[in-house]
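Presented below are the structures under discussion, each in the form of structure tokens.
The following pair of complexes shares a single chain, chain A, combined with chain B in the former and chain C in the latter.
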Partner chain A sequence: MALQSLDIERRSATTTPSPSVREPMKVAKLIDISKCIGCKACQAACMEWNDVRDSIGICEGVYDNPMDLSADSWTVMRFSEVEPEPGKLEWLIRKDGCMHCADPGCLKACPSPGAIVQYANGIVDFHEGNCIGCGYCITGCPFNVPRLSKKDNKAYKCTLCSDRVAVGMEPACIKSCPTGALLFGSKDDMTRHAEKRITDLKARGFENAGLYDPKGVGGTHVMYVLQHADKPQLYHGLPKDPQISPLVSLWKGMAKPIMGIGLGLVALAGFFHYVTAGPNEANETEEDEKEEQ
Partner chain B sequence: MSNRSKLVPRYSASERANHWFVGITFILLALSGLALFHPAFFFLTNLFGGGPWTRILHPFIGVVMFVSFLAMAARLWGHNRITEADRQWRRHLGDILRNRAGHLPEIGKYNIGQKYLFWTLVLAILLLFLSGIVIWQPYFAPSFGIGLVRIAVVVHAFAAFVAIAAILVHIYATIWTTDSVRAMTRGTVTEAWARHHHPGWYKEVSKEAKQA
Partner chain C sequence: MTNHWVDIKNANLVLIMGGNAAEAHPCGFKWVTEAKAHNNAKLVVVDPRFNRSAAVADYYAPIRTGTDIAFLGGLINYLLANDKIQHEYVKHYTNAAFLVNENYTFAEGLFSGYDAEHRKYDKSTWSYAMQPDGYAAVDETLQNPRCVFNLMKQHYARYTPEVVSNICGTPKEQFLKVCGMIAETSAPDKTMTIMYALGWTQHTVGSQMIRTAAMVQLLLGNVGMAGGGVNALRGHSNIQGLTDLGLLTNQLPGYLTVPGEKETVYEEYLAQRSLKPTRPGQMSYWQNYPKFFVSLMKAWYGKAATKENNFCYDWLPKLDKMHDVLQVFEDMHQGKMNGYFCQGFNPLASFPNKAKIGGALAKLKYLVVIDPLATETSEFWQNFGEYNDVDPAQIQTEVFRLPATCFAEEDGALVNSSRWLQWHWKGAEPPGDAKGDAEIMAGLYLRLRDFYRKEGGAFPDPILNLTWDYAILDRPSPEELAKEYNGRALADIPDPKDPTKMLLKAGQQLDGFAQIQDDGSTACGCWLFAGAWTEKGNMMARRDNADPSGLGETLGWAFAWPANRRILYNRASCDPAGKPWDPKRAIVHWNGSKWTGFDVPDFKPDSAPDQGMEPFIMQPEGVARLFALDMMAEGPFPEHYEPFETPIGTNPLHPKVVSNPAARVFKDDLAQFGTAKEFPYAGTTYRLTEHFHFWTKHAVINSVLQPQQFVEVGEELAKEKGIQDGALVKVRSKRGYIKAVAVVTKRIKPLMVNGKKVHTVGVPLHWGFKGVAKNGYLANTLTPFVGDANTQTPEYKSFLVDIEKA
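== the complex of A and B ==
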């Protein structure tokens, strides 16, 4: 939930334009994985600012804790021990959470008007007051991010601190990062900054370093600098070419008008058949004649 | 003299109750489902106490409808096998729809249109039930993989479209065919109706009546 109201790019399940007289710049969060030390300060800051507390779980024997995103954990650090080349162990740590897609699958799938909004600055936000708890956003998301709360059956995820951004502050996670692995600013600035980082990484032997801003979802407002941009799957299964599933596009695209109009036509066909051909009556005299023959 | 006021029993009280129970729950399902299918229909959530209640109630009504539909389908199953006479009757469909049919093959309790409707609904409602379970939050959906859930939402929407379209045709057919509604409201049809629309069935029941 956030404060803006005049700069809405899209609302879920809405077929008319949203209030959009304000045109703020596009924002982005840049996560430089090469600088992340996995301290989870951002995880703690997220809980604190948003005032959500996951239940205290158990140690599974790995650094990941909690083990997954939840309605109370909107960002979690994913730790992967990988060998991109044989014998060369690397510990990759990815801050997972909503990617704030320019073409958001959750918003496309959501059946409840205004339960999901996309602000003109690019932030995709859930308005839980309008959420009906159907979980369609989960079905639509290419990154497996939204979670239904066990407490209230509403869907939750990272808001990119839309409430803070609306008043000119940076998201809470950015503020807490001790190494500068997290940055926030205009999408253009973040892309330019990433380019410098990538040049640096390439000079240090990471020849496949690159920016993760996947075009399949129109680009994202959360971007990663990856040491191995050719193999994003190394980073706890970050999808290589994420897209809204064609099944979801079919369901929320063609199917809606075709089926809606189809049902209308069936009903109209009946009406016009009746007024042109008339009823199908059992003609009693005709039947009687038949009997007499 | 003809006995045109004589009535032929067609459906027992329990068959009628079963039919209308399925009918009412089906309409509730169509309205609550369409509410979530397209924003143009979202206002229908008001009939069910708002968005969350619509979402909560729909699958429970679905299970109730499915169970009562199974009972009805079991009763109708044997009457809906498609015969050679049905196939011949189908060749006259154009004339029948224009109310111009002359001599038609003798149709039993149901004509081929009714039989197709029956099998369409059996298939569509089975698919609706199976896919409905897969997308049912918060109880079942989390235990299925995302790939299967995505298939299920498409199957559910498509099967719902087919089922609703089939029911619209069914409703229209009873309006078009004068005097049909009383079969399901009173349980009886007029002799003329039975002889005209289902001569094979009429012969059968009148033979039975004579023997009795």
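== the complex of A and C ==
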């Protein structure tokens, strides 16, 4: 049997009930934006531990780099210069990445059995071996996090270092954070710690400080302490009330069986196309043109 | 640092000014978050840019680059005018009550004794009024108009909030808000810590900026206190070690000094440096100078150094003048140098006015670069297009590259900002033929010695007699070198209190510098490091983080110079009777028979408070100096002078003396300074978290995180110039230009200075033409070749530029 911390609670496109004898603690990462200095040590640690290297890009007129999440960048810092009150400048720096929703839209949307799992500790993980590259997880994610790799056409995102957590270590980003802006522990402990931080922030003049743990996705296992919890969109467009796309509910409800039949027909048609016309090969120029676009 | 990194957590207020700790020292910055979390501390940031430190600050105030003395001078005026000083501390522990020489004056921007022709001062009037008994005169009532306190008050009375705002561009309310927050720490149970770095040192008045900060901390009673002090955040992992070991042309190890060319008499050299107390009952610790000097010479020359030959004093070079890097490159540029050894140093990138540096290197016959990386300096002769547009055919310099190890490939100690010597162990073997720096130096030395042995030469003695007793001659080990700088007994050392006992037997390692002798019976390579490697072993390798005080006084962790002391001047944390000013910050105290506590007392251990010895034992007068006497080049009180390239073209305080009258400037460089008419914007260079100087552009991950050169421009200036965010721009100074991507930001705002709107252009410096990041221009193409009057550190932080769409 797998490590306790890797007990699986839910699997994509699977109806077999999960084992429930053991009830591991729910974990959470707490990102305290009021302590973040945007040093990007977490980005570096993420690349190192997970052995991914994004390309050396260009400067696009901001401190952000890489500019967006990708199959090789599972976390990026988003820098926002805002003036919540006229003349009062703030530089809000938000570590972006998977929120590990308790009710994960990606998992719900995924049609491939076992490509997305939710561990009993709350971590939502992609098992790329089972990924068919359909991109439905992207549609399903209310935070626009998963990215398809151009290299293998599979979806990637932050694993919350499920491999480290499984053996009792904190995620790599937490370990690297020099200011304690990133913390990891049980969701209960993190919530309690956040309360203290919020009290402190309120005493320092941030009346609307609060915890970001949105209910629309059942709460998240990555939470933010925000100075302006009433205006999460200040933080580079963090959604105020994230919800799973209605398309996913549609798919999970009535549309799924119909689409299943549809997919079967497509597969059948593909098979006949293959035996009658041979494999479908795109020519290289077409692919290059697409990449340039 | 007077204090140390961990101690920052004890502050009530953290002032980051002249530095950007969150960005340039992110790991140390954790102690600021600790202070906020556990001490309810406030963080104030004063900087030309709203930077990453400001992002997490409780309060931010903008300031024009290069005007920090005006700001801090205004703060001194505020503290005095509003009576927000710690009176008892100021009265007893500073020279506030001392009377000043009656001929000392300050008028129209100049102190008494100025010699315009040589751009320097005759400093004889910058002294105390002396009593007939040979001691300095004092007036403890502080009523005498010629006492330091009143002269200081008078000097800074000119720095009103309006004057400060007019010079610095800081809005008056914001300046006063910062003053108010700082003033609260004048209470004996409140402290402020000041964290500064190159944002203060890299000005023509850099040293005086730091001095002004020290004066503020003395007036507030924050020096010697846990959570207080003036804390320099050093820019390289071992730059503290560099200064400690005297790697500057006028320094010997442990802040001993190289004799000047007129100091040909040994006894006079020593007398000049071992000053007698100028107040009764004071320690004047530098009276021990001869011990440290003699033991250094014994470490270097062993048996050849004898009492009879003045311990080889005549072998030391005698300085005609400072030969700092600006002077060296000036000489090189004039064709006065043939060869240059460049070890762990990238001057083409790191020194101002790249065109001059490149031109100077091209006049050498040979250049030796000792470095782990292929640096811009080692490739200065190659054409890299616009980034380095030279004609290799015209450059005859022969370049040798000696691959060195990097810090992770060798054992040894680094001295951090906290003055801790922390031993580290190598994490990897060096690649290829890379050799440690000590091995490379040993190889050079042994070959030179062979030449001297075979061929004689003009002056072979200092080379032939150098102690060289390492087990493997061409590879001195870090352990051997560490033991050498700690020092050892060369003969049995009797205990002065009980001559029947021995302090040390011949051959034993010293326990500390108190055992160092002036008769040649001890050898010590650096007196400040004595205690780092004793008979008990390597003290630098200790890793006990027990902290019985709860104040971060971990005496079992590594070794801190001097004497494993963690907070300097800690005697001043107690009142004159020896009781801590603040019981929560009790680090040392007088227990009735001796000084004791959680830290190593910075005082004579058995000197009872009623004996009247004052806490600043290194000074002949025993107290800290608000009035610096003759120790600074440009005046005993810091005065605001404009950067050499000033955007306002005048000094509102004294239009006839605009910039530092004693600053280091060479004649040919004067013509290379721009004016505001031609170059209207204030330029400043700085570092980013993602990179370390010019090294990490060679590393993939750092380059992913910050791949390409950029400059920062405020929104208003960008709009005026039609510059779009992300567009390519050209930034020009009188000395050259760079092209970079524009980061258009709200974080740099124009400031109203002397009736004129001044815009700032920010120039991060990490890029060049070697490495894996996108190639870029060396930022120091733009900066001026002019240095601080005391340290000769170039003015990288304040210069003039123009900017346009590329």
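Everything that follows uses one rule, which is that the second predicted complex is superposed on the first by the 246 of 293 C-alpha atoms of A that agree within 3 Å, B and C clash if a C-alpha of one lies under 4 Å from a C-alpha of the other, contacts with A are read in each partner's own complex, and residues count from 1 in each chain.
Note that in this section contacts are C-beta pairs under 8 Å (C-beta built on N, C-alpha and C of every residue); 3 or more make two chains touch, one makes a residue touch a chain.
In this text, all values refer to a predicted model and were calculated from it rather than measured experimentally.
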Identify the partner contact of A:V248: answer first if only chain B is touched, second if only chain C is, both if each is, neither if none is. first
Taking the superposition on A as described, I'd like to know which of chain B and chain C A:N153 touches: first, second, both or neither. first
Taking the superposition on A as described, I'd like to know which of chain B and chain C A:G61 touches: first, second, both or neither. second
Once the structures are superposed on A, label A:G38 by its partner contacts, choosing first (chain B), second (chain C), both or neither. second
A:T139 in the overlay: touching chain B, chain C, both, or neither? Say first, second, both or neither. first
So which bits of chain A does chain B touch that chain C touches too? none
Interface residues, chain A side, partner chain B - complex: 13-15, 111-113, 130, 132-136, 138-139, 144, 148, 150, 153, 245, 247-248, 250-251, 255-256, 259-260, 262-263, 266-267, 270, 273-274, 277-284, 287-288, 290-291
Complex contact set, residues of chain B against chain A: 2, 4, 35-42, 45, 51-52, 54-56, 96-99, 135, 137-138, 141, 146, 149-151, 153-154, 157-158, 161, 164-165, 168-169, 171-172, 175-179, 190, 192-193, 195-197
Tell me, which parts of chain A touch chain C in their complex? 34-41, 43-44, 47-48, 53-63, 65-66, 81, 83, 89-93, 178-181, 200, 204
Please name which positions on chain C make contact with chain A in the complex. 22-23, 26-27, 29-30, 32-33, 36-37, 40, 50, 52-56, 58, 60, 689-690, 700-710, 724-727, 741-747, 772-774
